[in-house]
């Protein structure tokens, strides 16, 4: 089987990781590395010596040996570059966030659909052993009905001047939530609260809640001003519950065979609810320790070859954008609940 | 100095703890124990053998040797009993919540004011070594400006049929927040989101946010459906930050000499924010391990003797009620931000 | 079936726990409580109102309705009281340690054997959910061959003037080790090191090692001078390994499906050892939360009724004494390895 | 001031770290990299492009611009290379262990003394922020008298075929202990116990104890067969106690203001010991996060320039060898206590 030829555009922070993984993967070959800086190109080409380098995006688009283009440039340029690549008939992998605005994201999804090309968002976290295990526990029915998702993603963070703490940290939770929600369960609305007690000009501490279509709820706490670093997600299911603590390498995911059930009551005159509690073993499953990005590039190649939608496709990236946009609408409206009508 | 004579009304779950502490305290003497059940009276009187027992509240009210009445009956009866005691000229200590409704609470506060009597709410948590230490760190200015307060109070809880998870768990956080907020900083509004994924008929999972008048924010997560028990509160200040983990007896309060500061910038054309980070020692202060309730009964006696407002007075209890009521308004309105105009 | 009649001798620290459990157990009835202090008798009799009290041990021995005698007096009196009870035809349960000296212990075991009576040592820890689960994992073969046992039992302890840290803390580890060692594996020797850096007159910090007959090793660290409290035992097996952390109520026992195996090597000239490592899931099994002492009194009653050796019999108590004695021989000899020839 | 010219011999596992740090340090310049493998030389020279490379050690020895030689070759070759370098008038830094045998180590120390050259052992751990802080707390008297040192260094380790678990892990503890012991306190003897339950041919699990000249004790547990990784050292002092948990990046060193003191007793007839306990704040001091090896190369350069003994000199390396050798004597003698007469 022939290798999938790829070009990586953007050789700054994330691009080199993509180059390294595309180069190492048996199914892909790096044809071009494209960046505006000759210096970055020189450094990056050490990671894939056989690739050509260019500062001209047209070199990439005009090369028939390029099947897919991976875009790792600043977020503001994603849409322009992706649309041009799609127009040139290239499959596209875009670093998160998919684009700057929902409108841009919709154009990208629409064009990929129209041209029958793969559009994939690089939601790297969804390819870690932890998240794949969680998604599998939910999808298999082992967790039962998903009751709530709660994430705490806080630390003494690098306060950023151009984006707030929601744009900085929430995409992780939103992409993971999108990935693990079972078939048919979607967030129906979002409300958010934030504070800027330092006076940076935008929220440094934030909270948001997403009512789910099945009666459950998702929630996250994102914070640049915490004295301790916490990366803990709790997922409640009607049959099992789990805690994912990403800072505990020896026991990242703990699955509790624990549940709460309502008992049917003979006597409907009593107000008392009969609840039964079940507590069984806790299992910390062994997790696949493969580098997540290796699976990302493999999924991109496989979806091109098999002519199918990738696991975290453009629509997934678009839904994350839609929710982020609604979060900011809610903030502007003092925390009101903003209905969501997500791309499906 | 003469002992303060007290009567304890209600000898069910909490009353015996009050009786034991009033009996043991040098400044108080238990004159009466009052309950509708003779059996409960018999058991309770072992804790204060010199006290008389009665099923008739009028015995208590008619006894001049009774200076104060402690009410530990079901919440629905608090207002009625407290108002009668105040009318009879007795000082009153009420188990939390102060009353069932804000209206009731207002009547209680007004009558105590009018008659010049002590009305105290038993916010026990505020008298623990941990909360007193936190309040002192905030009040002394050591923490700097309070930037945020975040509490996680979750466990596989006893699901209750008559009250939701907010009524069950939020009063703890609201009374603690009320206690530690520095002079002049108040919650200005509240928004809440909840879910009832089990189908009990009211929220089992809840989140609420309180914007503060100084630009900070308070937030809590209350949950009956968590596989693990968490009792962790983080308080961010401009000079120091702290984490209170109530389930870690060897290190309940950790104070971080950590801060974030904005630097003044010469060049106002640059969008870049200059932020400086400071990280110093962490100190886990030794905490007073006295039983909190012992301090509660002492404070009640002292405020009667010194004719002053107690530390957690009726107004504190009323503010908790006001916020709880607003939380339910917010829930009913889909999470809207409800302005607060708290009793001061 | 008729109740087993028991007398509890000694109503100081531990006796009341025995009285409470014997009184509550369906299979036993407390006939007598015996102590030299009338005051302690008065308090203790509240726990078993139907029992008679006496300061004269002969009242107990002369009562035919007494089947078994539980001895919870100071260790120095265990042998004398137990021997008299056995002579009077009573079955005997002795609080740990079984006796003061090995010689005393041997007499007790010999007399119980000769008279066909039950002699049981109250090694309470062996009846906790944690230790029973560990013993079961070892006995069932699930752990594979036992490779090592390591216990850390340290805290800022109550320094005792009449016994050293080995006598205070080591009996816990020795009785647990005795309980969980699989059939046929025994400690063959012991060496110990201690220090008295405070100048109390005997060791406050101690370490001891026990080579096992199967090539494994047991070891413990006992310490009254530790700033933190640690109660952690690690048990290595050839198939599984486990960590028992008694201070972590939510996850006391963690069983790791982890192992190390030597590979058979074709080429015996290479010095290289081929080792394979296996790492699988970790399981924290749900544990039985019954009070351990309830199982102790049940086991005493059952072994009397069924005329069989109890689970922690006199020999188990004697083996603990033998090792403690050898530990002190080793200390006196500067840490030399003292061979053990344990009672079997 | 002129740079100190250095050569690094051995470019395998550890050498490149030395090269990188010597190259980056302002006070040193890498003149030569020496290794038998051209391939390793090629890779290593990228780290210090201005250095020359050679497979011939005489090139290094014959170059007058080389002041010091850093030896990072297999342990069996340390002595030979170091002695030749000293003979050639070069100062020497040797990767731990200093040599294979005590005899070799003594020759190295003697020759360095005789020729007035620096001989330094690369006990890297002693230059970490944690160990320097601990040493400083001991040296300053803040800890009071050192009462005990206990280290647990266990994990599912890489079982080695040519060295046992003592040779693999104990040098860390022995070099750290050597570094932090206060002036005048020395280990006077050592006893060790080990087990090889896997059948590798040498101990995989080991324990050793070192009585100290001041009545205290040091102890360590080293283990390749532990399901969990633990790197915890407890140091007890008469005034303060500390726990160093190297796997807890947010709180590596915790210093407890905790102590135990004997009270003078008026009545010497009573056997009772009057002990007073003190428990105060716990402080986790902020630690210097500099790379330890950067301080190692700086110390090597400074001791050459200032013509003084370095902090972890050849004698420190020799003492570690002496204790390791005595540990193996003890193992061979069934755990007997082997007296130490350490190089001072």
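Per-chain numbering from 1; labels A, B, C and D assigned in written order.
Everything that follows uses one rule, which is that a contact is a pair of C-beta atoms (placed from the backbone, for glycine too) under 8 Å apart; a residue touches a chain by one contact, two chains touch by 3 or more.
Predicted, not measured: the structure shown is a model, and the values here were computed from it.
Under the contact definition, chain C and chain D share the contacting chains A, B. Counting hops only between chains that touch, chain B reaches chain D in a minimum of 1. Of all chains, the one whose Cα centroid sits at the greatest distance from that of chain A is C.
Computed from the mean C-alpha positions, the centre of chain B lies at a distance of 45 Å from the centre of chain C. Averaged Cα coordinates give chain A a centre that lies 53 Å from the centre of chain C. Here the CA centre of chain A is 40 Å from the CA centre of chain B.
Counting partner chains per residue, chain B shows two or more touched chains at residues 228, 279. Partner chain C is touched in their complex by these residues of chain D: 145, 147-148, 150, 152, 154, 156, 159, 161-162, 189, 191, 193-201, 205, 207, 209, 211-212, 214-217, 219, 221, 223-228, 234, 236, 238, 241-243, 254, 256, 258, 260-262, 271-273, 275, 277, 279, 282, 334-337. Those residues of chain A lying in contact with chain C across their complex are 251, 257, 279-286.
Within the complex formed with chain B, the residues of chain C that make contact are 228-229, 250.
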